[in-house]
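Shared chain: subunit A. Partners: subunit B in the first complex, subunit C in the second.
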Partner chain A sequence: MSSPVEPANDTHATSGTGRSVRFRVSRFKQGDRKPHYQEYAVEVAPETTVLDALTAIRRDQDPTLILRHSCYHASCGTCGMRVNDTEVLACVTEVTELGGGPVKVDPIANQRLVADLVTDMVDFYDKFTAVDQPLVRGSDAIPAATVPPGVPGFTRFENCIECGLCLSACPIVATDPRYLGPAGLAAAQRVLEEPREADAFSVLRLTDDPQAAWRCHLAFECTAVCPSNVDPAGAIMFLRRRLASDRVKSIFGSGWRP
Partner chain B sequence: MSERATGAGPGLDFRARGERVSPRRRGAWGWVDVRGRRLGQWAFILNRLTGLGLLVYLFLHLGVLSMLAVGPGAWDGFVSTALTPAFLALDVVLIFGLLFHGLNGLRITLVGLGLVVNRQQALFVALMVFGAIALLIAGLRIFAVG
Partner chain C sequence: MIVGGGGTGGALAHDLALRGLRVTLVERGEITSGTTGRHHGLLHSGARYAVKDRESAVECIEENRILRTIAPGSFELNDGLFVALTDEEAAYEKLFFDSCEASQIPARRVGRAEALRLEPNLNPDLRCAVQVPDGTMDAMRLPLRFFATARRNGADIRPFTEVVGMSMTTPTSVDGVQVVDRASGRRYDIGADLVVNAAGPWGEKISRMGGVDVPIQPSPGILVAVRGRFANMVINRLHASGDGDIVLPQRELSVIGTSSWVTDDPDHLAVPADHVEAMFREGSAMIPSLRGARIRASWSAARPLIGERGASTGRELSRTFKCFDHEADDGVSGFVTIAGGKATTLRAMAESTADMVCRKLGVDRPCATRETELLPHTAYYA
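And now, the complex of A and B:
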């Protein structure tokens, strides 16, 4: 379905001196059989980001457009989406980088779709909880940092901003829901690199599985799209080296295998 | 469903409320869709295509060899067909498949065991350059003999 709309008179996404760009945005509501595209025209300035344009559409043209965003500076990972079929953070992707054609915007792939550009990230987080939490690292904040009331403490996944772009780009995740996935495996590798108090043995045992480290087929698309330089594919390969090394060592009576 | 995942209480858990969510796993299309993808996805796809092609070739090859059991006439007839330019071009395609699958397989083996991980793209390019040169030489020799 296509319903062209007049360019918006926006104050942030547009400067009044920009050019009009067509956006083809994926739409889906609960009860729809499948997503469809809806077109909008947005006037953009050179510095306008895709997120600016989408929020302008929502504000000025179509308040039913659902999207998720928070920090506007590539720290929170919530605005991960597919723009012109490539996984990006919308908040740091300038429209002028995308050429002159229509800008196609889709939600990240391989996750359950909630509405429009919003996906259910529960499957993503389940990959972390599946390992009984050893991948959730302790706070990197200074000990004296003030913890807000009602928050038990700071937690983070190292450099991973939990955007889910790696799962969207991975061809294996596209076909295999059991695959632990690049984000979880990269987190596992970080635990092995720096175990702190974590149980490295259990992490190794978890990742030495056909649906874990050995399921990756080296497309390296996760690394290509990662906005935080986590290099999940590289982490998986280093994980494999550790596993293969331990397997060889176990033949000679050392390594972690019984 | 963890509250941490959504930052919301169970009241906002649409799955708990029984609302429908659309599974959007891309399926096999995610293997072959190269739109917006990089070199790694092309290598991924070509490795599978050449692998399937070599598997088909193996059975075709066995079928062709079975002509020997039929008799000299059948075999000589096939050989005359095999020397036509169109058939020789198929030989070049076969060698492309062998070279790509073999050389990319070497990269996958090395990188998959955690070796040259940080240089894997350079390794791929180097192997493909080597393969292109080998394919060129093989093609010239095939058509020279043909």
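And now, the complex of A and C:
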């Protein structure tokens, strides 16, 4: 609607709604000894998200609060955090779904804390880029469609949005930083499923390691928290079956030999 | 010294770093946390502007071609389809097609039956369609490639660093910025030969710190993401620009947009219920099954349009960009503002601004961003 005035009916409102919710937000600044919680009250509407509430705190109450965010629709992966001890994307988590009690907000775990809700994603990318998965894949959507002239074949972005929620939730990553982890293994599975230009053999070898596909304890926490249907646990199962079957084949003289 | 870590600031840091300048960029929040990350995700072919705004259309198709070359692997190869649903729109098709050709936008006429073969979920009552080289981009990961490359070439990128004032030795001379590092709380000054205000819709706030006014009009629009890909191509309504007339597939979502209004506060963007309803109504006119789609997210993003105060809806404001030299315009030295534009033209905006920066600093080096391939987005976190 092209409207000359500021529209009313804000479904994500953070003031004037009469319904106040308490937030307990983890705070930390460089030089602090450890994080502490700070409380804020924010008014919410039925569709106000945790991200809306946190940016309203920053805007209206406390300009020192920092957090990561970008796309607002679960496609960039920057606003991953732990809300009431569960890994979520703040941009698609509605406050009213969380019950009436105080909403506890912490940064994702198992990554270096920069400040407040911001973590350094360098460790995540170190593991994620090990398999060198391209960003675009062959499109599997709408199979009935014809590809138009001039387009070599439909492509689309990989589902993984690199949010780090799977690494935050994984009980193995929490105890052993050497583990390649669910995001990297899921990316490896995608490369094997659709190799494109990649060297599938070296990717498979990379996963055949005590700190890779064989390290997972099948907690399935990664798949439970993934906001983008990547199913890292399923990918790890796929890799194990593939590795086991290649070993059997190599014993009988077919398949890959390492 | 660049203020603003959106697409424009990132592309400018890249351009200036390639020309050998020492660049520092500060951003209040995370990189791309303002308008850039929130945009539709459309790599424009320019077709949307071909009839009414030839200048924007030509700019878009040129940049579309360049971006595909310098950022391979960052776009879904899906093209766009403009669909005519009514008699009036079918009659408009000739002007639309001819305008695309005149703007050098490769366009192909598609009949009703073929359109439905290409996109089976389209409204079966459609009259005709035109295929153009639109595409889907990742609103954050394309700009990240500029940031990653700029950093590799020596640019100093400082997120979570908020500008709280300008350093001015006299009221007519900007010599740097005063910032707060929000990760530590430390306040400090950064001296600079030149400060470039690339804060998008926040640009007016920054310019006032330097004592000048720029006519940037924040113009928000709403976007609605629903679960499921309802099309492979970017589906546009074949008419003069309107609301809810673009449906863009991205990952496992389809994003419907957009609307337009004007505001004074880009930090306070409403998500109006009637605008959300309009997205479903207009989107489902082109793709009927969108009516029953499950919503994933709704949000608003503020365009940084150039205009005069008093513009009513934002639609009549130009989508092209402009560099303001505050020394020439306002008598304030050391200060430049880049305003307007859109995601597809980020590189071109940066080139024009970098030309002005180099002219002012007496640096004679040509732009090299047209032919320099960008690092992958993941390199930003290396």
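Definition applied: the second predicted complex is superposed on the first by the 213 of 258 C-alpha atoms of A that agree within 3 Å, B and C clash if a C-alpha of one lies under 4 Å from a C-alpha of the other, contacts with A are read in each partner's own complex, and residues count from 1 in each chain.
Keep in mind that, in the parts below, a contact is a pair of C-beta atoms (placed from the backbone, for glycine too) under 8 Å apart; a residue touches a chain by one contact, two chains touch by 3 or more.
Given the structure is predicted, the values throughout are model-derived calculations rather than measurements.
In the overlay built on the shared chain, the residue A:F23 is in contact with neither subunit B nor subunit C. Of the two partners subunit B and subunit C, more subunit A residues are in touch with C. Look at A:Y125: by the touch rule set out above, it reaches both subunit B and subunit C. In the superposition on chain A, contact is made by A:N229 with subunit C only, not with subunit B. In the superposition on chain A, contact of A:Y40 is made with neither subunit B nor subunit C.
In the superposed model, A:S75 makes contact with subunit C only, not with subunit B. In the superposition on chain A, A:F220 makes contact with subunit B only, not with subunit C. Of the two partner chains, subunit B is the only one touched by A:P177; subunit C is not. When both complexes are overlaid on chain A, the residue A:N110 reaches subunit B alone and has no touch with subunit C. Common to the subunit B-facing and subunit C-facing surfaces of subunit A are residues 30-31, 114, 121-122, 124-125, 129. Per the touch definition, subunit C reaches subunit A in the complex via residues 29-33, 36-38, 41, 73-79, 81, 106, 108, 110, 114, 117-121, 131, 133, 136, 138-141, 160, 162, 182-185, 223, 225, 229-233, 242-243, 249-253, 255, 259-263, 267-268, 270-276, 278, 296-299, 301, 312-315, 376-378, 381-382. Only residues 1-13, 29-31, 47, 49, 55, 59, 63-64, 66-76, 78, 91-92, 114-115, 118, 121-122, 124-125, 128-129, 134-136, 139, 141-142, 144-159, 161, 228-229 of subunit A touch subunit C when the two sit together in their complex. Contacts from subunit B toward subunit A in the complex involve residues 1-2, 4-6, 14-15, 19-31, 33, 35-38, 40-41, 43-44, 107-108, 111-115, 117-118, 120-121.
Residues of subunit A touching subunit B in their complex: 28, 30-32, 34-35, 82, 84-87, 107, 109-114, 119-122, 124-125, 129, 169-171, 173-175, 177, 216-221, 223-224, 233-234, 237-242, 244.
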